[in-house]
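Once you scroll down, you'll see the structures, which are given as structure tokens.
In the two complexes below, chain A is the common chain; its partner is chain B in one and chain C in the other.
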Partner chain A sequence: MTLNSLNVVLFGVILLLAVGFYGLLITRNLIKIVLVLQVLVKAVVIALVLAGKQSGNLGLGQSIAATVIVADTVVAVVALALAVQVRRHTGTLDLSKISTLRG
Partner chain B sequence: MNPTLFPWMIAVPLGVSPLVYLAGRLGSHKMELNGRSIFVRGLALLALLVTWALFVLSWMEFTARNEKLLFNLESIWLNADGLSFLLAAMVLGLGTFVVLFSGPYIAGEVGEEKYYAMLLAIVGIMIGLGCANDLFNLWMWFEAMAVSSYLLVAFYRERSASLEAGMKYLVQSATGSVLVLLGIALVLGNAGTLDMDKIRAMVSSESAAPFGLLLAGALFVIGFGVKVAFVPLHTWLPDAHSQAPSGISAMLSGVVIEAGLVAMLRALSTLGGFSISWGTLLLAFGALNMFFGNLMALRQTQVKRMLAYSSLSHIGYILIGLGIALFNGNPAGAQGAAFHLFNHMVMKGLAFLAAGAFLFALLDKSGIHRPLEVKDLAGGARKYPLAALALSIALLALGGLPPLAGFMSKWQIFVAGFQGSNAWLMGLVIFAALNSVLSLAYYAPLVNMLYRRNMGEVVERGAPIPLAMNIPLVVFALAIVVIGLWPSLMNWLTEPAAQAFLVMFGK
Partner chain C sequence: MIEILYYLLLSLGAAFCAYRAMISRHLLPSALYLACVSALSTVILYMLGAYEVAVIELSVGAGLVTVLLVYALSVVGDDSFDPASIIPKPLAFLLVAAIAVMVGWMAYPLASQPAVNGEVLLADVLWKHRALDVWVQVALIFSGVLGVLGLLSEKVQREEMPKHENQTAVENEAISIQMEQEIPV
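Up next is the complex of A and B:
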């Protein structure tokens, strides 16, 4: 595999995904979890543009990427709103402390 | 092409949803609040009735043309085939009665208007999801459905358990949708298009699916699998189903996970066409879901949590029906699966609504906010004969007792499994039948608790169940008995759905 610019971007995507999934595994703080989810989505946004470029359909890839950013912002807003409520009612943002539902 | 009506089925609920919210914000005095609540509910019901009328009209158009209906807005195509109509009928049927049921249940809660607004929105979104014919469009509907269901699950925002369930659901589901999106990127990179028909044509022209597309398929299975609650990815489900308001539990279990399944099938069907390996995968997950769901349900002491685990096992039966159809190309399996999809909506919808009615009358009404335990129901049949009968019918139908609806659809799936005379399939069908017996081990004690125990303290001080809650229970219970006695009544809906399924996978 030659080191052209597309491969560098692909490498970046994989790296971001790795960071995101690792973060998802170790994070217990709700706000940080939202951040980690954002990292994951941003990796995918880059992947979408890359896929558009690779298949010679850059316009489609870019428009999808823009839409994903919007859709994902909605998810982030809902997640943060939930986090605020959790903090208000339990006084903590630590997932392992609020976890009561089991089995 | 003549203009077609079916996009209005999506547009009406989605368009009325903000109006419901705005209507709910009017008025602030106690008197006004009471009238407002009725107004909000009435508006939501009216929108759903209009959607029903549109459904009937588009259905007539669909049968008259005898091919899928197409609609395009610039470059976005929507098409309605048998599977879309099955999903639309399920969503509308359950949605209408949940709105009716939630009247007394949600009355007086903070954010009542948001509840109905989101409920209407999710109805429109799920009908739209069934009609998507482009992978990215599918993802958008899927994500919209997810976002509205997060809000509904965490509706009781002052209860920490409900917040926890909502948060768990959000994190797992959002991760799943990232994976789906990654799969979409892979498909785009490999196929250069996201239109499902074009991808299908491209893949079937090649001898073997490219590696990138197989990887995309795996990502779709995992990503959508979170929403469908495939077994290792199911952990959000029991929490979300048990902590959400009961009407929403019914929606989640009756249609949302099924909508996820439809989305997954649509996405998978584009890759690799009619392939036995997808069939095998579905069968494997089906067996796992059935068995694990049953085992976990056996351990539960809370009614709604038990019902949630039983959803896992019923998804298993549906997967087995679909797997059989893919494995031996037999439409009977797909039709059985479509029938079970519909029946599961009716049965599990009724079970959650009836459990919700008990939860409301026994605990919520007295201001106690804790989950409904099985032992709380002791002697419930003496005081609440109607709700107890409805819950028992739902549970026995879920357990697959003839002549109720659940038996008929399971039977259809099992018969389809034996038709191919493949030893593995037969073994699997026997395993599924044994699982069905196993499931009675947790349904039957509940019925026993309702009918054969002396009235417990909780039941004695319980409040009456309002009429608006009893109507959906009666309608759904009747539906279970009628479908069970005359299963061919549902053929008009399940046959086109099965055909659409096989056409999708290129058979």
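Up next is the complex of A and C:
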């Protein structure tokens, strides 16, 4: 595999995904989880555009990336609103304290 | 060669900012680091030739989402707690390393193939082939706005109160205000 710019971007995408997954595993704050999801989606958006450029269909990659950005923004907005309501009702944002599921 | 160096610096910078956003104890610096990640991602997208998505990412990712995060923090307050993670951090690191190796293994065929030169305009794809998706996106944004308006409303639902025949509308309103003051928020 020769080292070109697309491979370097792919390496960056994998790095961002790894950081996002790590944050998703260690985070218990509701708002920070929304933030971690944003990091993951940014990696996915870059990967979509990269795949479109690699396959010679950059327009399709861009259109799917735009759809992902819109859906992710709506998810972030609703999740933040839910976090605000959870904080108002329970007084905490810690997932382990607000979870009522016990094994 | 200089382009590879730019991509490497941008990718490492984005990953560093993302990591700082994870480990920051306060949420406001985390939101600012996320904006930095978005800005660096925008530069990468621009250099890849995705100009339209770069503009959307910069305005939405670095602008709108950051404003929303800061607004949410102003409402709930910046909790500076850093609770221990549910699973041990070394185990999380090993899991993430395994995931990264698997993703790299799956993406290897894409990276090893030569790039195909093609010219497909975004407008053609968006308005001719994916027109239905555009309308779905419009509906999604509309439903998201409605959901936020419903969730962020601070109105306390009034309980059904018995209305006496002799009470006027002003008296009923006074009783409802009194009940609102008694209900803890």
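Going forward, the second predicted complex is superposed on the first by the 102 of 103 C-alpha atoms of A that agree within 3 Å, B and C clash if a C-alpha of one lies under 4 Å from a C-alpha of the other, contacts with A are read in each partner's own complex, and residues count from 1 in each chain.
In this text, a contact is a pair of C-beta atoms (placed from the backbone, for glycine too) under 8 Å apart; a residue touches a chain by one contact, two chains touch by 3 or more.
Not measured: the values here are computed from a predicted model.
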**OP:** Go through the superposed model and pick first if A:Ile98 touches only chain B, second if only chain C, both, or neither.
**Re:** first
**OP:** Tell me which partner A:Leu37 touches in the superposition: chain B (first), chain C (second), both or neither.
**Re:** first
**OP:** Applying the touch criterion given at the start, work out whether A:Thr73 contacts chain B, chain C, both or neither, answering first, second, both or neither.
**Re:** second
Original post:
After superposition on the shared chain, which partner residues are touched by A:Gly56: those of chain B (first), chain C (second), both, or neither?
Top reply: both
**OP:** May I ask you to decide whether A:Thr90 touches chain B, chain C, both, or neither, giving the answer as first, second, both or neither?
**Re:** first
Original post:
Which partner, once the models are overlaid, touches more of chain A's residues, chain C or chain B?
Top reply: C
Original post:
Common interface residues of chain A with chain B and chain C?
Top reply: 17, 20, 50-52, 54-57, 60-61, 67, 71, 74, 78, 82-83, 85
Subject >> In the complex with chain B, residue positions of chain A that touch it >> reply: 17, 20, 24, 30, 33, 37, 40-41, 44, 47-48, 50-52, 54-57, 60-61, 64, 67-68, 71, 74-75, 78-79, 82-83, 85-86, 89-90, 95, 98-101, 103
**OP:** Would you tell me which residues of chain C are touching chain A in their complex?
**Re:** 3-4, 7-8, 10-12, 14-15, 18-19, 21-22, 27, 30-31, 34, 37-38, 41, 44-45, 48-50, 52-53, 56-57, 60-61, 64-65, 68-69, 72-73, 75-76, 79, 81, 83, 85-87, 89, 92-93, 95-97, 99-100, 103-104, 107-108, 110-113, 115-118, 120-126, 129-130, 133, 137, 140-141, 143-144, 147-148, 151-152, 185
Original post:
For chain A, which residues are in contact with chain C within the complex?
Top reply: 1, 3-23, 25-29, 31-32, 34-36, 38-39, 42, 45-46, 49-63, 65-67, 69-71, 73-74, 76-78, 80-85, 87-88, 92-94, 96
Subject >> In the complex, chain B residues that touch chain A >> reply: 136, 140, 143-144, 146-147, 150-151, 154, 157-161, 163-168, 170-171, 174-175, 178, 181-182, 184-186, 188-194, 238-239, 242-243, 296, 299-300, 305
